[in-house]
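Here come two complexes built around chain A, the first alongside chain B, the second alongside chain C.
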Partner chain A sequence: MALQVEDLRVHYRTMRGDVRALDGVSFGLEDGEIMGLAGESGCGKTTLGKSLIRLDGRMRHVGGTAVLDGEELPINDDKAMNARRFNDVSIIPQYSMSAMNPTRKIGKLTADLLRAKGKSYREVKPELVRRLELVGLSEKVLDNYPIELSGGMKQRMVMVLSTLLDPSLLIADEVTSALDVSNQKAVAETLVRFRDLGFVKSMIVVTHDLSLVYQIADTIMIMYAGQVVEKAPADTIIKSPSHPYTQALIGALPEVGLEYGDKRLKSIPGKPPQLLNPPTGCRFRARCPLAHDRCAEEPPAVQIADDHVASCWKVES
Partner chain B sequence: MGRYFRRKLLIYGITFFIAVTINFAIPRLMPGDPVARMLSRNAVSNPESSEALRSYFDNLFGLDVPMWQQYLNYWGALFQGDLGVSIFAFPSSVSSVVLDALPYTLALLLPSILLSWFVGNGLGAMAARNKLLDNTVLPIGYLFTAVPYMWLAILLAWTGGIILGWFPVAGGYSFALLPAPTWTFFVDLVQHWFLPFLSLFVVALGGWAIGMRNLVIYELESDYTNYMQALGAPQRLVRRYAFRNAMLPQISGLALQLGVVVGGALVTEAVFAYPGLGSLMLNAIQNQDFFLLQGILLFIVIGVLLFNFLADVVYVLVDPRTRLGLEGGQS
Partner chain C sequence: MLELENVWKSYRVGSLGSKRLTAVRDVSFTIAPGEVLSVVGESGSGKTTIGKMVLQLISVSKGTIRLNGQDITAARHAQRKEYYRRVQGVFQDPFSSYNPIFKADRVLETVRESFFPGTSRSEWGDKVERTLLSVGLDPTAVRGKYPHQLSGGQLQRMLIARALLLDIEVLVADEIISMLDASTRIDVLNLLGDLKERGLGVLFVTHDLSLANYISERVIIMRHGAVVEMGATGKVFGDPRHPYSRNLLASVPQLHRKWADAPDELEELEPDGDRELAPPALTQVDEDHWAAAGS
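And then the complex of A and B:
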């Protein structure tokens, strides 16, 4: 197993108290697995992605562990974590368009980053050029400043740069959000290709575009209010989800080929709970059509199949 | 890029023309008659000789022809490098009077601007990453920039000159000495120079430090910094990038500051009775010395335009974004 996360808790410090963005998240990631991570805005997707590589100033690691390739990630220790970043864990950020220093040539920037990791730019360069060509960029971009590249080119450049040291885990955070549909597809396919070519071992693709992630992911994990509600193979999540929240989420997606006419798409009534003071028991309770008394208690993580877990009182193993 | 500079040069040319024209007009719009003033100063009581002197001076200064003729003559003389004769320092030429004052102003302003820029940027950049330093540099910086020049100058003259008695409070050098290339005279110059320099340095320092601190913090919170940190780049590299990018606006700011150098620091020079261009300008206004005032303003205009142009050039050189924008980056 490439990555094993146990009971991860990360809070945001605010003036009014701690916001529990991640409240006991546990999951595993197999070697070579591409996991789609989906959920509504504010459910903790990005926080989870960030926690595995770099906590920002407001985040506080409260508890839980993440073990990558048998070695624990020192989430809390920024300095110790530096040795793992880029080498073992890497990220393609949400903001690829502005991720590169605007006043430095891309080749020089790459050289600076490699040198910081004790790697020689000259030695890595042939491989870098090969990978650039793989994503349709010429060697010349290394002599360009980021502003000379189009948005799509910048995105591809960042993808190559982030995976240059063959990390074991890659976090792709909303990588397709800023792109048009054809570029989205190309980026998604590139991610799969990177995995197939062994540039990255496993991948977490954070997104709220379920239909896109369905095309590339092996498994999908659904989060709600800072917790994992269900994780299963992509097909299972889309075709036969077990958790009522997943069902509602999938139910809100339009289906290709169906005539909706005057009918409105189903949406989920209500709003996700405040994470400043989250409710006890099942957090989806207030919006769940199946809720009953038992839901006031913390629901168990039910192992429905080998690779299918859902946290709900109503599902049966 | 050639097109860009041609256009810039054209704009600067037009600005120069307009500035010189205004420069010509303003002294003549001032109330009073400089020649009458000169005559009264020379205490010429005899009406006949007064009349003769008057026409002599009018002719000498070129005031006896219509305004439009004066204007054309002014341009003509300008291109020959002739700025006319000073009324207040008659019969010295304007050029020589200005050139006498210029070294004092440059010696005062160049070091204070450059030093405050270097020290301020250094302090600001350090404050941006050190909480303790930030909590001291920032309030002191705000205090310094908010202080009016003349108030600080008076305060410094009072403490350094009157109470402590370490420095003289007025003049460019002691009245007891004559300018000579001797050690004594040089020490005397430096002593007179120090307090005005300090007042200018301190006020400018705060501004640079605050500006740099904010710029560095902005850069340290930018996306590219975040990305570098996520890829485990060491603090040293992150700070180097942030510092370099934060310097760009400061560099053009410096060029603009240097543009006003030739104007002198009128208020500071007035407080310390320092014989620079600022004091000279004050004298020229008080004595309705058209020609001297024109000459000084011309120096200022040329200085501002020159350094503005320099700022344009420097910015194009140091920031690839501007440079590539002009060349039309490849897509």
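And then the complex of A and C:
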């Protein structure tokens, strides 16, 4: 198993108290698995991605562990994490359009990056050029400034850079949100190709677009209000979800072929709870059509099949 | 009835406006009352520019826009205000559409100040209440709140309510739900459907084909500033004639079909040529279905 996360808790420090952005998240990621991570804004999906690579100043690691390839990730220790970043864990950030230093040529910037990790640019360069060609960029881009590249090209450049040292885990945070349909498909398919070619071992694709992640992911994990509600193979999540939240989320997706006159899509009433003082028990219960008295207690993580877990009182294994 | 006839738009770009960029080329269409017309296309295809021209936020370079037969491109300031009583817009980002230091319902109050100065406060209050209810908002939950206290869906519906306070005939909705969450965006989308049943014409600008298909009767597909295909939604999406439309539909991620199952090759497209030239003419391929030549 490539990654094993146990009961991870990460809070944001604010003036009014701790915001529990991740409140007991546990999951496993197999070697070669692409996991889609989806949920509404504020459910903690980006926080989870960030926690595995770098906590920013406001984030505090409260408890839980993440073990990558048998070695624990020192989430709390910024310095110790530095040795693992880029080598073992890498990220394609949400705004990769502006992820590159605008004042340096891309080749120079890459050299800086490699030097910081004790690698020689000259040795890595043939491999770099090979990978650039793989994503349809020529060697010449190394002599360009980031501003000279189009949005789609920058995105591909950052993808190549992030995976250059063959990390074990890659976190792709909303990599396709800023692109239009045809670029979206190209970028998503490149992610799969990187996995198939062994540039990265496993991948977490953070997105709010379920229909996109369904195209490329092996498994999908749904988060709600800082907790995992369901994780299963992509087909199971889309075709026969167990958790009422997953069902509602998929029921709210429009499809090509569906028209307003035929069938009204239904939204989920209400909004997610505040994470400053989250309610006890099931966090979805205020919006859940199936809620009953039992839901005031913390729901169990029910193992429905070997690879299918859902946290709800109403599902049966 | 809103009509666009052979509308062109060029922007001046580069240092001191030395270059010209033609963003919209020879676009004609109509929106009838009670109809949602979707404009789809990739970024830079000119779809937002069309919305801005309809709202008269930018001028038209060539061609005319008419509302009920009246040319509005030549209108002066005073007539413009009359036009805004009948045509309003809502934009992509609900969070930056509001001034964060004022309460959100101030956008409703400013409508009274500039359009209905004679209306009394209590009468206006009733009207606001009715309008908020009609867009599915609970007046007590949204009045007197600051923008950061409301969700994106609530803010977006409040902007639609603001447009409805005027007796509008056409609403320009430019990517109004692309920033909202899956769970709340459907409310706003269904509201558009509700508005069309009330007889409003909606120009729905989007890059999301599934949304366009869900809500609109007719659709326009744009590329490089020109229309490549237009017609009834079922016909354009069911039987796309232009290679660009086919590519676009093949790239859309869908829940009942995986890309990997049917690896359809994308067709070669003509590169972006001289934008000053007239785009390929549209030919009628079926009843209420036109496609650009070259398909």
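Following the convention adopted for this analysis, the second predicted complex is superposed on the first by the 311 of 317 C-alpha atoms of A that agree within 3 Å, B and C clash if a C-alpha of one lies under 4 Å from a C-alpha of the other, contacts with A are read in each partner's own complex, and residues count from 1 in each chain.
Convention: a contact is a pair of C-beta atoms (placed from the backbone, for glycine too) under 8 Å apart; a residue touches a chain by one contact, two chains touch by 3 or more.
Not measured: the values here are computed from a predicted model.
On the shared subunit chain A, the superposed partners chain B and chain C are arranged side by side without overlap. In the superposition on chain A, A:Val315 makes contact with neither chain B nor chain C.
Contacts of A:Asp112 after superposition: chain B is touched, whereas chain C is not reached.
Shared-chain residue A:Ala248: touches chain C; no touch with chain B. When the two structures are aligned on the shared chain, A:Val10 is found in touch with neither chain B nor chain C. Judged by the touch definition given at the top, the superposed model places A:Met203 against neither chain B nor chain C. For the three-chain arrangement built by superposition, the Cα-centre angle with chain A at its corner and chain B and chain C at its ends equals 70°, in steps of 10. Residue contacts after overlaying the shared chain place A:Ile238 against chain C, while chain B stays out of touching range.
In the superposed model, A:Leu170 lies in contact with neither chain B nor chain C.
Distance between chain B and chain C in the overlay is 9 Å (nearest C-alpha pair, rounded to whole angstrom).
Applying the stated touch rule to the two superposed structures, the chain B and chain C interfaces on chain A have no residue in common.
For chain C in complex with chain A, the residues that touch the partner chain are 42-43, 151, 181-187, 189-190, 193, 207, 209-211, 213-215, 233-234, 237, 247-249, 251-256, 258-260, 266. Residues of chain A that touch chain B in their complex: 53-54, 56, 81-87, 90-91, 93, 95, 98-105, 112-113, 116-117, 144-145, 147-148, 150, 158, 162.
Across the interface of their complex, chain A is touched by residues 222-224, 226-234, 237, 241, 244-245, 248, 319-321, 324-325, 329-331 of chain B. The part of chain A that touches chain C in the complex is made up of residues 40-41, 180-182, 184-185, 188-189, 208-212, 214-215, 238, 248-250, 252-260, 264-268, 271.
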